[in-house]
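Structure provided below as structure tokens; questions to follow.
Chain naming follows the written order as A, B, C and D, and within any one chain the residues start at number 1.
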């Protein structure tokens, strides 16, 4: 981990006022979510909140319901019970389009890029909700059909620059190595200028160097764009370094919720998870 | 020998297209001029955010003035030094001009140096301000800041990662420029007044040269030095405002300063910066510069890549490629030089241009090159003529920081692969008694900054500068550099002996990896040769010659025969050159092992350690100089690749080589 | 305007007439099922959507008729048996060739490429079959009874009954084959997981050959049934397209689905042709055109799909990200 | 080999996002269009223009249409013939009932729009079903629509034969549709549609709508989660695809076969167009042209081959052989280049750009 980054993190987590204004009010509340698949309970009665500007991690052993939780938050799964309170409105359930159009973007555990398109086009898809040109304008590439393309390209180029993927701009993503695909996927999410960014195991399968890069990008996104981040990650070092607060799930239930330090010291967590994973 | 003769080129008549340097006598004044004259023409481009972002001269002038105003408020005073550390970015170049606007002196520093290397020039130049590219450079400076008491303020361009640094002396470029814009709005003549104060003989820049020994020296160059030299180079080559060049070599290097800054300001042409150092070749291809500079190493790498990539081509295409390349070797250079060539040859070449040369230049990005320079070290004749034969007007030039680059340039139509050309306009050249090349020109530096002793030993009272290189001017009036002056020796019969010159000639053969030539204070020249395992090995494979080891391969008669032919060829070349004709190689042997840095035979930068080798292989040298010995025997400790030590015990053959009489003598060069 | 039923001079609302139409439909459905079965076998084992199944029916029938001709000097039983065996050999040969020439080179290509390739096979077979055996309509008579039997007032074709019996035997045979032979179990395994099939020790290539051979066998049976009923002619391959809605209804991977789907489609379209058209013409719009049989099966299947996208017997898919 | 890209750099996004960013390509396409618009009508033989260029161009439109649906949006359709028929019948109805002063392209467009509406209706199930299930479902459109137009005499103005002739219409006094039209006029009329529709297709492919289609095609779930509405997107693909097919169907009836008849739009036509798209190359406008030419010309070529060698073969045998070779050619092609002619073209282009290097 990059030194300056973890220092910044530490000061923020021990003293939320240390970085003036970085962490604000609650913007999302998960309220008593219960989710079943057939007869199996994937999530049972889980509640927690996410504050504006923080990095919130969701951890837990395999099958703890972490990914399902993210899927509920951005509306891909509709839970049987409970609701999502987001930015002043209650959604029960959240629908994918609501989530996307209200500034929730995400990446996926197994990369879900559009394989036949280039890096540039993939990231451009992140801007789709912001494009308003009519079909005719697009068909003739006139008016907004043209001006929007240029305008959003400019923004997308900033994302590309930010993620340092200039060299692969026009490469079809199917040909890229895994680490770069993950980065492109992050780019697609960032292109939507999300208020809340959900990252599902952004570092899975990466080597150390790639993990460091990715951590740096996550910190930069959080600090410089003020984007709130909810993160699922298995690498405990990364989680503890990056997060302001951590939710621990186990077998679909909430096990603990607090700062990395609190969670680290929580006996239930140690028993269920950390003690085993921290080898 | 004509040691005291002076060779010089007359000043060329000033060009009507270029500004009058008596009026526009500093770069900031030129900038104002260009903003008027070439206002809407591009001044700089930078590949960023996916396209070539372009800035016109008018925009650049406004930006430079804004930044200058901001810097002035930060406390820059006339005579201050401003360090510039960063990759080739427009803002880095603009900073040079900003400093000059304010009467301060830019000190460009190599951006890839580690913090410890940066420390000396910054401390020595008493730098108060540093303008740097990004977090990496900021971090370097912060790590040595407490040892740089004079350094007050750091301005960074790329805010990423630096934004939250707490240090109060860190400023973001954008913020300084924005502040400058406000100041200019209040007082529009703020910077113009400062620019007007600039004088032709003010120091314009202090680049630091890395000496082989001791600390780097700061070379104080005045506006006169840089501008006159750049101007002369520009009229010599007919540079114009429509030219485009790619700035990818370090800003701190004098060549880049002249080509990408000095000449760009004088001619008003456009300089483009690549996206980053990894994309240079792609960017080169996109941009297609008309004015291009690269050290021999880069031309060599490109050529190697070309050959390797062609190896993968289908048989037919490969045959076609080689057919036309062979043809180009025969007539390409002549066509480029405008000499008469038979119609059939010309048509064949035209077909080659369509099928091979044109596309090849295109994929390499050299299609539009009008003038290409290479310098810095000797370029292999094969490499040099490859580019010329496909129609790239590549030339060698000889220069130094102390000359503001130009000493000699190869004039169009008079390009020889073994010379570095004739004196540039207004340059006087002299070969000292010792054989050392000396020059005098408007570009001659003012002094070594804060180092009068060094200045004195490098520059005579009447302005002649020692280059430290040995060379001579041939009968065509072209300068030929043979070696560093201190390495040049003499044979017992008094003939000049330039080991590196001979070694380089041999090393241009792909089969030869390393050469050590002996001859100083001996009767004749003889040498050790290392074959190139890869090249000779693949030759052996093709000819079904099996071998067990390097030592085995080196001892083969067939291999000796190949090398002997190479040596003979070199002798023949040497015989053509009056100065060195007497130092033809008489005998050689193939060393049974590769010279190796692990055994102390090479330096870590792969330079031959002559003295050490002479000692270690004394018996072999003795054998070389024993006319009766047909073999030599050596016992020595060696290190294997896996680090084990072992004993080398070998007997090697010694081969005599034919000597040729000098030019005009009785032999006829076999056509090859 | 007179309805179809009126023309026949029957009381359209007689229960016997309804029964008769239903039986006729079900019997036609059995035919569809036979073709659909071939699709399912291949799709299950190799995810190849075999558009050539219909033409394979035609091709098998053409060969069968052709070989009957060749062996016309022999006693009837021997003649039929020999023709059957030789045709089966041709179908196995076809499977070998298809595997070697088409499937193997395309093994990792997109499904749509394989699908298109089977259309290529269909076109090729159509030309090939007719090149060898000619394109005129050939009657096929192997002694399938062509009397009618009355159940109450309902008239039932004996040939239909025969077809139903043959189809039932075929289905039972296949079921036994899949459950009780090693190859059958391997085929079932491969449908779920190619690796699993490999672990049984049968190379994928062999599985393809076997499954295409079995599909060829099914096609041959279907071809004989249909050929005896309609004559062996080009339109058999078009009729075979009717198996497609059966597949939607029954699911691409379900053998029972193919059977049940076939019955539903067959019965549904016949009943609709008679009764739905009649009802519409009587009560809604007298100008309503007949011959909805051409598309009714598709619309029925489509409507069905909208409510149960995985088909009758398919499993619900849970999508994951 | 012919490319000289050094120095052709882009200084703005507008330049970088042009339809054909490489100047060489631009000149080439402009050249092709000029040849098609001037040289071919001036020097081409009547047979070539009327019996080859016109149908190939019309089929290219249909192939572009299906390519939008299948190649870009990933929705396999076997109902192309039905959508073409919708365009043909509705254009006929409009052309024969509209006031004379209205220009002839209006009925063609109305036919396209009608086909688009029909396309939307049959695209609705695509929200629930995918892949081959959808493909089979689109057969419903094929059979239902043909039955509909055949069975409802309103579409053909209650014509007795049910197969009316295409209405003769004029532009600037020249007949451009129907049997009286001279081939050159028909050809230019068709070419105008082709050029405009090709430009529109390219524009859509590089705009939001095209990216939405491709996103749905490549990973529908992810597309939905970034805010792309699956139903809207799929239906827009169905609508626009069917519009193209409808226009193609109208032109086919008006400018090529000169009658409005269902057999021209049967399932065989659907498969032909699908072949064009696959052989031409999925997701490529150029591929639609290459595929249309290939599939249309292959049988003509096969038909003529025996003649060139002076062989006398019975016509029915030629027909069978033609089938076999056609089928085999398709299989061969899928094996050799599963990504279609457009990919071959692209590879050739890349080779030329890198020439003399092999890669």
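Annotations for the structure displayed:
Going forward, a contact is a pair of C-beta atoms (placed from the backbone, for glycine too) under 8 Å apart; a residue touches a chain by one contact, two chains touch by 3 or more.
These numbers were taken from a predicted model, which means no experiment stands behind them.
In summary, the chains found to touch both chain A and chain C are D. More C-beta pairs touch across one of A-D and B-D than the other; that pair is A-D.
Measuring from the averaged C-alpha position of chain A to that of chain D gives a distance of 42 Å. Note: centroid distance chain B to chain C, computed from Cα atoms, is 79 Å. Inter-chain centre distance (chain B to chain D, centres taken as mean C-alpha positions): 58 Å. With centres taken as mean Cα positions, chain B sits 50 Å from chain A. For chain B, the set of residues that touch two or more other chains comprises 50.
In chain C, the positions touching at least two other chains are 321. Residue positions 76, 108, 112, 153-154, 157 of chain A each touch two or more of the other chains.
Considering their complex, residues 49, 101-102, 105-106, 109-113, 115-117, 119-128, 130-131, 135, 238, 241, 244-245, 247-248, 252, 289, 291-292, 294-295, 298-299, 301-302, 305-306, 309, 311, 319, 321 of chain C touch chain D.
Within the complex formed with chain A, the chain D residues making contact are 13-14, 16-17, 19, 199-200, 203-204, 206-209, 211-212, 214-215, 217-219, 221-229, 236, 283. Chain D meets chain C in the complex at residues 70, 76, 124-125, 128-133, 135-137, 139-140, 143-144, 146-147, 151-152, 221-222, 225, 267, 271, 274-275, 278, 282, 316-317, 319-331, 334-335, 338. Within the complex formed with chain B, the residues of chain A that make contact are 4, 8, 120, 153-154, 157-158, 160-162, 166-167, 169, 220, 223-224.
Remark: chain A residues 74-76, 96-97, 99-101, 105-106, 108, 112-117, 121, 124-126, 128-129, 131, 133, 135, 138-141, 145-146, 148-150, 153-154, 157, 188-189, 192 touch chain D in the complex.
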